[in-house]
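Shared chain: chain A. Partners: chain B in the first complex, chain C in the second.
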Partner chain A sequence: MSEQTRDYVLGEHPELPAPDQRSGFVKWAMENLFSSIGNSVVTIVGLYILYLVIPPFIQWAIIDSVVLGAESRRECQAINPDGACWAFIYRRWDQFVYGFYPAPERWRVNLSFVFVAIIIAIALVEKLRAIKGAIWVALALVAACAILIVGGMFGLDRVPTNKFGGFMLTLIIGLTGIFASLPIGIVLALSRLSSLPIFSIFATIFIEFIRGVPLITLLFIASTLLSYFLPPGTNFDLLVRVLIMVTLFSAAYLAEVIRGGLAAIPRGQYEAADALGLSYWKSMRLIILPQALKISIPGIVSSFIGLFKDTTLVLIIGLLDPLGIGQAAIADVKWIALSNELYVFIALFFFVFCFSMSRYSLYLERKLHTGHKR
Partner chain B sequence: MSEDFAIKINQMHKWYGDFHVLRDINLEVKKGEIIVVCGPSGSGKSTLIRCINRLEEHQQGDIIVDGIELTNDVKKIDEVRREVGMCFQHFNLFPHLTILENCTLAPIWVRGTPKAEAEEIAMGFLEKVKIPEQAAKYPGQLSGGQQQRVAIARSLCMKPRIMLFDEPTSALDPEMIKEVLDVMTDLANEGMTMICVTHEMGFAKQVADRVIFMDAGQIIEENVPTEFFDNPQNERTKLFLSQILH
Partner chain C sequence: MKKLLPLAVGIAAIAATSGAYATTLEDVKSADVLKCGVSTGLAGFATPDDAGNWQGLDVDLCRAVAAAVLGDSEKVEFVPLSSKVRFEVLKSGEIDVLSRVTTWTLTRDVGLGLNFAGVNYYDGQGFMVSKELGVNSASELDGASVCIQTGTTTELNLSEYFRLNNMTYEPVPVETSAEGRSAYSAGRCDIYTTDASALAAQRSGLENPADHIILPEIISKEPLGPVVRHGDDQWFDIVKWTHNAMLNAEELGVTSANAMERSKDASNPAVQKLLGTADAGLGAQLGLSEDWAMNIITQVGNYSESFERNVGAETPLKLARGLNALWTNGGIQYAPPIK
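Right, the complex of A and B next:
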């Protein structure tokens, strides 16, 4: 809010015109796009660039594109050589979603998607969360998803985890990481601030080690080094190792974000909680953490978005996430070198998820705002 | 250790690092007694009452509150804190909870009172401090005076036997001071044991049983209000009173 200061002789305040009463788009555009010559130039150049980029993209991606009726890249080009060949995605859709999960068993994954939707609804919608026992339903559904997807009990065939792939794998790694790392991150943040050296030293070393090492290195440790440390013959599933590493990695970052939130809580809040006789854990749970987590929401969601995108790194240790599936697909002679379509499609998938998370965080911040802080 | 004493402090010393903030404090507070503590800033008044519910730790001497000696024993500290209510200069209400939730939180989670009962009790005390209509609002939507009255109600919901007030009106606009003092006066008239750090000398004259003057970490003078104000003994007290009562 920059207010212009005007020079005028004392006692001779100039008669200023009344503030602009126009409203709506014109006013908005005048204030935001054309408020000065420089801004107007930037606006016009920006609009021109958009004009250069967007129409051709729409022409390629929608108007000229081929979705049905093509079995190979050649057939796509026969129908329309200038458009995107979405037939490639369409024909390979199942692989993008399920990886190499056996076709007759895919209903198990679909059912799990439904369960995950319910779990997310419970986690996000306050009315559902308030229902008694909702948290146990959510935990039961988590277990149900794990049993459904992995199998090996209740008459379900066991599906080896190296058959997992595609978006299903992204969601398994991303959601496990998100839901498991938050509680671990909170505990780490509290430990780091603990007055007991045992906790604070351990937490500090852990956090600094994990943050000091690239995720890809941790994934390599998970995939290769770890088997040297484990006793011979133990078969510790690669996916489980990856899940653990991703969770710990994310937890270390979250811990620092949450520590920032904790530091912002005034000392009076701790004192008021103490004076009322609340124990450490109760005052943390009821007073301090609800406020600290609220402050930390933007940072926490940033971490989650980063984690979700980092799941693509598992490609390097041989897990077939959508990028892995896609790279195999464009190596197929039938669909050779359709990399534009592939990456646009995967980008869209990630954008939808990450953008939803970011919008949800804004909504949450607004909802939790309870007036002035004191 | 007589049972008549709500609080008994015996040769108590406290240091902040090298700084000797409280020196040889001896104080006995009878049940139902109203004590006003005054003195220049930095004299240790706040630190003294914060030692009584162990927000600050003392290094030497004994503090016995309601028959319980304050040591490092966390259980005993919690026991004392359940019986001792405290109001702060900056209210320290919980901004993420409504007024009613602020008041019911400790009874529910510390005393194990059922929610419906805790809410009934809380509404009773909110009526007593004359703001039952604000119960559903958040602290940020209330004025300073209203917030301080909520803070008093919040403490009272724990049914404390002793109330500590740490400069409860110092952060308030003048016209709001009276509404808070009125609530405190009512409380005093009902027989609550109270220790108030305050500069409201009118309040001290009206309700205090004893006034204590502190300077440089020591209790310099202690007397009934009439004697304290009309006939101060110590030079430092005289100077302080001349500055505060124009």
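Right, the complex of A and C next:
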């Protein structure tokens, strides 16, 4: 209409800049790290801080460190006074892994670790899960692990649970809590939303009570108070009590996360399920829960990560998780005061597990993504 | 009324079962293991070694009780306890004896319903400060921040001492001794206070032990000993006389090495009575076998052996016997005779 219309005229072309010749890292860095003066300053300061922190840490933790060949902190320092002394972790590796589990019986724990790996693979990898009977194999392996670790049947010696410790204990508490609390959490969330008052009132009281009390208090109740209520002479294993408390605690949080997911499902979905004539359980199983759980994944995994880290609290009631084993180790005069090494090591252990969980949850979200993503 | 009947029957049944409470001795014998509460890790008193075996002065007492009752010092289940939960765990019956550097006070003995079966280490609370502070006496500590383990008598002593001397302090609460040491070495507090025996261990773990001094003032009496529940006098006697047997053995010169030999020597009736060869029926009075003390001494040793092995001059703690020497050597460890 006006003169500025850009109709193509033969032999002429608009004056556009040449296409960006940069590519790869340079392009990415220019666009993301040095796009403006402010951005460049922040980048340089950030790199400088990393330069200040990382090389000395690597020097301390890896280059100057002592792992083998030292029998005590003093010998570590004789070898290299500036480095980390990982020798106590090496010397006490068995304690860090098995606690005080009797040495000749440790193959049982090792075998259980293999079984647990298979169970987790079945639970997480869809192709394995799809194999017929896989779930029964997994359940059988769970039972096998319990029998192997506790013993007392099939000719295996019984190992008292207070001998359990270290990573083994963390895994027992963490994995039991994770696998047992999910179904309980789903049931609690559904009860809380139930139209039957007896279910919804009970679930609400339970959830609010458990969420309103710190985990450490529940653990204290488990470790000391319960034996006042139970009839004298009953020996209700401390570890079992802790497992129950941790599971209930995690279930109450999960219930709320899942309730959030249920609340996000449009009303039309419930009505559609009803219109199809599905029973309550069928509509939940086939229509509502698959969608609700999918949107709850980040929250659920957050709860699991929180639960896994909370297992260190059992230290206070005298169960020796890796942190407890480590603190006992650095109380020994031979290894006294190696707390930096200990906490770095424990942090690494928890990071590996929690980071894996978090990555798996991202993978799952991407895989299950069916269209509502923004 | 009819509805109340089952309830009444239930209560009666519970009352009946609690009436038939087994004694601690019977419980331990039927379980064939002694459940002993120890520290979660305190150098010289209770720590697991690299192989996972518990070692220490408090641990030896547990082993001695197991040797006396079950004839085997290895039949102990060690239950590591934090200072906060130890009494609850003891009172709830989860453990049979608490041997966890516990200070004997009236409140604990009477108010908490516990019995202290003797004193296996006489301790006192001290202060450690960095030399840089230039402090030479505890009276110069006004305004200092203090790392202190919560739920212990040291907490009370500290506040009383500062109040009496018209000084103020800022508490930095810590949960374990390891945490206390890290907090202190990281400079989160000026002073670290705990029992003098533990201070020595903590100082040996600092970067430069020579840069820190333990102030001369000992501000409290800390008689540390094994604890049992009220209401089972037989068990109380057993723990009490286990400790006494170790002291008497030292006094009579009976050691783990020579106990067998000395038991055959008829010339000293006191030794014969201690080791059960005099046929005096002393073990039976405790509800134990006659070789109860023999088992303690051959498997664990006398008090001196236990002391030197765990905290003595040959160990990194290098604690002197001091108050813990026998009364014959100028200390206050004095055990009633076994006869």
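Keep in mind that, in the parts below, the second predicted complex is superposed on the first by the 348 of 374 C-alpha atoms of A that agree within 3 Å, B and C clash if a C-alpha of one lies under 4 Å from a C-alpha of the other, contacts with A are read in each partner's own complex, and residues count from 1 in each chain.
As a working rule, a contact is a pair of C-beta atoms (placed from the backbone, for glycine too) under 8 Å apart; a residue touches a chain by one contact, two chains touch by 3 or more.
Everything quoted here is computed from the prediction, not taken from an experiment.
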item: First (chain B), second (chain C), both or neither touched by A:160; value: second
item: First, second, both or neither for A:100, with chain B first and chain C second; value: second
item: Chain B versus chain C as contact partner of A:290, first or second or both or neither; value: first
item: Touching partner for A:320 - first (chain B), second (chain C), both, neither; value: second
item: Partner chain(s) touched by A:336 [first = chain B, second = chain C, both, neither]; value: second
item: Partner chain(s) touched by A:39 [first = chain B, second = chain C, both, neither]; value: neither
item: Touching partner for A:356 - first (chain B), second (chain C), both, neither; value: neither
item: Contact breadth on chain A, by residue count: chain C or chain B; value: C
item: Footprint of chain A on chain C - complex, ascending; value: 14, 17-18, 21-22, 39-44, 47-50, 52, 77, 79-82, 84-85, 88-89, 92-94, 175-178, 181-182, 185, 201-202, 204-207, 315-317
item: Complex contact set, residues of chain A against chain B; value: 266, 268-269, 271-272, 274-279, 282, 286-287, 290-291, 294, 368, 370-374
item: Residues on chain A engaged by chain C in the complex (per definition of touch); value: 73, 91-92, 94-95, 100, 160, 162, 220, 223-225, 227-228, 231-233, 238, 315-318, 320, 324-325, 327-334, 336-337, 339
item: Complex interface listing, chain B residues touching chain A; value: 53, 55, 78, 81-82, 84-86, 88, 90-96, 105-106, 109-110, 138-141, 147, 154-155, 158
